[in-house]
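This is the structure I have questions about; it appears just below.
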Amino acid sequence: MYAFEYHRPSSIKEAASLARKLADAKLIAGGQSMVPALKLRLARPTAMIDLNDLPELRGISVVGTNVVIGALTRHAEVAASKDVLMTLPVLAKVAAGIGDHQVRNMGTLGGAIANNDPAADYPAALLGLGATVTTNKRDIPADKFFTGMYETALKPGEIIASVSFPMAKRAAYIKFRNPASRFALVGVFVSETAGNVRVAVTGAAPCVFRVKNMEKALASKFAPEAIARIRVPADNLNSDLHAGAEYRSHLITVLAQRAVEAALSGK
Amino acid sequence: MGIPVSMTVNGKAVAAEIEPRTLLAQFLREHLRLTGTHVGCDTGQCGACTIHLNGRAVKACNLLTAQAQGAQIVTIEGVAAANGELHPMQAAFRQHHGLQCGFCTPGMVMAALDLVKRQPNPTEDAIRAGLDGNLCRCTGYHNIVKAVQTGAAAMKG
Amino acid sequence: MNAPVIGTRVERKEDYRFLTGSGTYTDDVALPGQTCAYFLRSQHAHAKINRIDISKAKTAPGVIEVFTGADLPGSVGGLPCGWLITDVNGQPMKEPKHPLLAQGKVRYVGDHVAVVIAETLNQAKDACELIEVDYEVLPAVVNVADARKPGAAQVHDIAPDNTCYVWALGDKTAVDKAFAQAAHVTKLDFINNRLIPNAIEPRAAVASYSRGDDSYTLYVTSQNPHVARLLMTAFVLGLPEHKLRVIAPDVGGGFGSKIFLYAEETVLTWASKQVNRPIKWTAERSESFVSDAHGRDHLTSAELALDKNGGFLALRVHTTANMGAYLSTFASCIPTILYATLLAGQYTTPAIYCEVTAVFTNTAPVDAYRGAGRPEASYVIERLVSTAAREMKIPDADIRRRNFIKEFPYQTPVALCYDTGDYEATLTEALKLADVAGFEARRKEAAARGKLRGLGYSAYIEACGLAPSNVAGSLGARAGLFEAGEVRVHPTGKVTVFTGSHSHGQGHETTFAQVVADRLGLGVDDVDIVHGDTGRILFGMGTYGSRSIAVGGTAIVKALDKIVAKGKRIAAHLLEAPDADIEFKDGKFTVAGTDRQVPFAQVALSAYVPHHYPLDKLEPGLNESAVYDPTNFTFPAGSHICEVEVDPDTGATKIVNFTAVDDFGKTINPMIVEGQVHGGLAQGIGQALLEACVYDRETGQLLTGTYLDYAVPRADDLPSFKVTTRETPCTHNPLGVKGCGEAGAIGAPAAVINAIVDALAHLGIRDIEMPATPQRVWQALQSAKKERIAT
Amino acid sequence: MEMSGEQTILRPQAVTWSSITDPRVLKACIPGCESMDKVGDNEYELVMGAKVGPVSAKFKGKITLADVDAPHAYTLIFEGQGGVAGFAKGQANVRLLPDGETTRLQYTAKAMIGGKLAQVGSRLVDGVARKMAESFFSAFNEHVSGVKGEG
């Protein structure tokens, strides 16, 4: 690991001003992706800005028909939250399947979505539910938030405060794991909210994306067979050691159907 | 340039001035000489370095020491009774031969304790799923699963 | 009378320290004044080094020294290979120099270029980045199939066509003749996938030098510290052997990868004198991936000839084996002596011919990994047998039974002589335990859920207990393969045993204590086992090839024989009876036919307080050692049955049942034996379903260099196993033991793949390459579907 | 993996050609390029920063324009050393096809990484390479056409 300065701001404002001021500084929340990169000397930030003293970024609340989760809330907290389990159980399930148990005890919602790993689970949940990301500056709808591979709409000095998830009539997330990393080889999130169906796919392409033709088919009939013949073309899908684009394309259809089935059965 | 850190480790208050880049695992092993916390990988998968931070299992090699400022830390050295008697979970690992080379063992025991705290009556599947953050290359996990079941039962008793 | 100790599930003596974090692994060792080493490794698979500039690194903060290949004196040799293979033309194998630090060229990603020794690890790493290396990158060859192609990159000038040797075993003429007359021939081509051992403790070393007596101490993660010392002093560094003490303290798993002498510990030992301070190096996992010796990596074409009844007539095997860039310590004997000799399996196949071509590639050296040659052999046989059974419509169990060896001793056509076994019994037991009778019902039930079930068999054999030294010597071994043991009885009758076997998870401290306690009538806690220290132990060849109990254990038994013999003479004196009348049982020396007796502890005390002692006939003290060289290999064997369920929509395979019935001869501690089987199975299943070491075929970059891409099985990848043993005692060692450490890894891969193929066979699929990842299974299903549509 | 793409440049072939061989333009369009200095005919030394998620590396290397067939085609070759992170190589074959007052720019590109980057990040190589190529050529289009390129 290279040497760096360490800062532990006590307010979001201070954190944001440090982030703007310090060139090549990195925000650290749980650090579960950041620390390995540091250890391997694959990152050389001049400073780390630790957000762990910002309790206002933590917590889960139900606001009307939305579940609002603070950016610093750990995956394990979301997975175990009674509020989440009561109002939006699919989100608890997504959180419970991220990384491994120890990672879930450290990793945070804000960290995960700011990192936007192409195979991460939370981006699928945000996009699949049409969630809204609230930063210290503005609200960003999920459709605008994830802009590319490891890229988001966040600007320098912009810090995620919370994410607001609309409750769903029904929803499910099915993940086919990479056997080594346990990230999503392909993960499909399906939801039906008031008059709105969403299908979001992670792991399959450089960035999480929606499958509009599946959404359309499901909007007219929310049943697995409605999408059984819809394929996402392999052209722009990822191909790596573990899965080729063709296989990923196939998995999207299989998993989407399973997600619909699971959403219908409420499991 | 050092930064001050302080925390409680196995019930004892510790304070030190460290380089910001010091990992918690490094701090425990090198500064405090608590070498029961092992380091088996550099990407955060193997779990040999698992400790408890404020009661939750985390990977000490995947944390900056500074992130543990003010925390309550328990390592494998803090699990047995003060007189040296094994904790029921440790005893169960011995009884069921849930360890061979012993290298993953401290992390495995720490993860198992956290698992049982969440699920006092874990099924075999729940144990296997709950140990997803720990690699063991010796046991094939068969006896670890039995040990955790027995340990869980003993912890209730 | 004491309760029996042999054959009981004694809890392990070593566990307390491991469970409380008080074990001492190499990286836990901290010597005063210790420095840190970091190795600069090649990022290229193959490159010429035009120039190395270490000037900036040398003056970096905290740096004590920087060494490159040029700094090693001419007297320092390369890392030796311990086994000479003679090729089909009578020529010795090609043995290119294996330098400690690169000499003008690097030959694999991870090859050692320089070492920086600094006050802290971060300083060593910082300085390493200041070393400037001018590489001229050369084309690389990584794949066995490419190595001998015209125009392939040449790894070593002295090995044309990248060929280390072409070696053969068996009667080619007899095999050709049998094939000509066969009613049926089954042919399969396979890749035995390359694996990375991944002991969870990374390799590490701490070397120190004492100017006072010109001696060295090396703590190292080794399975065989004496061998490391011998090779390092006599063959590489040219140091007096007695001036180096090698200590392998608690070692966190090895699986073969810690048998070998590596560059790192050797460089550290040499450098500790240059800097006159202790030096520590601990591999980071990403270094382990590129620099530990890998395993397997065979490309094989195999054919089985059968008569019309399914009787095996002959087996023909051609294998190309990847040695990697250099010959590691035992690399050359793995795909030959430990592979081809096992090709008879459990069967009476009368004619067998095997040709092995070993090739160099720009990859990490390949050497023994759990099973070492035997898993590859077993895979060849058992895949062929199940494929032949399917083709000839003979049930799996029947074709095996029809060909089992039933009379012992049995001389195979590939050099080995099996002393004993009962293959029928293990198979029958396995069929029962796996509930094969109920399988069809389970298959139907799964089919109703849209899942495909399959059952796979594997009846494996292994040669363990390595080995009679004279036999090994005649086959090219450059070392003996005996083992040493010493039993030191203390004045109070407590015992310390010194063994050359090393324990890195196997539980020797318990198993060996059981052997001693049983023999001397002591409690297990009255016996301590010391291993892993050349300063305390007579000698040792170490632990590998499931040899510890059969060879190391027997050495201890031989020493115990001497203790008991001497004890009898002391007791005879104390009891005033003739030596010949003394019996020893349950810890007491008794005059036969009387109740006059003296307990073991009193005899021990007399030996050290020889007031009433036959000083005219016997030396005081009670300390005996023995060295045992086995007369034959041992032949553990068993039957594994795997049941899988394949999800045809995703290609994912789930192991729903795994049964292993093994015959290890007598078992000392069934709990430990079962644990060894479980661990072996996990690695065998890992090979079959999950693990693959992949290098980029063009560039030689390691693509599976972290746990994010190399899948070591986790708890939820595996089922609970059904494991039991049967005992046909080994006929040629006193304990009747055969060894159990590798069985699981040997038997499991074929069982798993046979099961998957069984699940898919009705769709026209006859093979799946390991690891059978979901994508591979799905692709096989897709091609089968296409073929069915086409025809 | 080889990837390909096309941009429609709203400038004639000759203008497009002179821009795509202009080191100042290249410098402006190569993602993360910090400096670029001519060291020979069609040969430039450059320093560029690359950032992929938590990983960032600075590459020092060389850009060579080979197989130059003015004003139709060339091959752009990049080789960079990223220190402890490893190294990267990339190659793009560029063709300019005149289409009235506009030019169709076609490219095929491939990338290769070595060292720690390859060891840790093989799953990401193709995605990163695709992104780099797309961002280079669309930046070029934007630079030359004065409008945001469409890939």
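A, B, C and D label the chains in the order they appear, each numbered from 1.
One rule holds in what follows: contacts are C-beta pairs under 8 Å (C-beta built on N, C-alpha and C of every residue); 3 or more make two chains touch, one makes a residue touch a chain.
Owing to the predicted nature of the structure, the values given are computational and were not obtained by experimental measurement.
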| query | Tell me, which chains sit next to both chain B and chain D? | reply | A, C
| message | So, comparing C-alpha centroids, which chain is the farthest one from chain A? | response | C
| note | Two candidates, A-D and A-B; the one with more touching C-beta pairs is A-B
| field | Distance from the mean Cα position of chain D to that of chain A, given in whole angstrom | value | 31
| said: Nearest whole angstrom, what separates the Cα centre of chain B from the Cα centre of chain C? | reply: 29
| Taking each chain's centre as its mean C-alpha position, how far apart are chain A and chain C in Å? | 43
| query | Which residues of chain A are in contact with two or more other chains? | reply | 1, 3, 36, 40-41, 181, 241-242
| message | Two or more other chains touching the same residue: where does that happen in chain D? | response | 84, 116, 120, 122-123
| message | Touching at least two other chains at once: which residues of chain C meet that condition? | response | 122, 125, 286, 703-704, 706-709, 712
| query | Which of the chains are touching one another, listed as pairs? | reply | A-B, A-C, A-D, B-C, C-D
| message | Using the touch definition from the top, list the residues of chain D that touch chain A in their complex. | response | 1, 52-57, 84-85, 116-117, 120, 122-124, 126-128, 130-131
| said: Using the touch definition from the top, list the residues of chain B that touch chain C in their complex. | reply: 19, 21, 29-30, 33-43, 45-46, 48, 75-77, 79-80, 84, 86, 90, 93-95, 97, 99-106, 109, 124-125, 127-129, 131-132, 134-145
| query | Of all residues in chain A, which touch chain B in the complex? | reply | 1-6, 8, 28, 31-32, 35-36, 38-40, 48, 50, 52, 76, 80, 99-103, 105-106, 181-182
| Of chain B, residues touching chain A in the complex | 1, 3, 19-21, 23, 42-45, 47, 50, 53, 56-59, 61-64, 66-67, 69, 111, 114-115, 118, 130-134
| query | Given the complex with chain C, which residues does chain A contribute to the contact? | reply | 1, 3, 40-41, 176, 178-181, 183, 241-244, 247, 250-251, 254
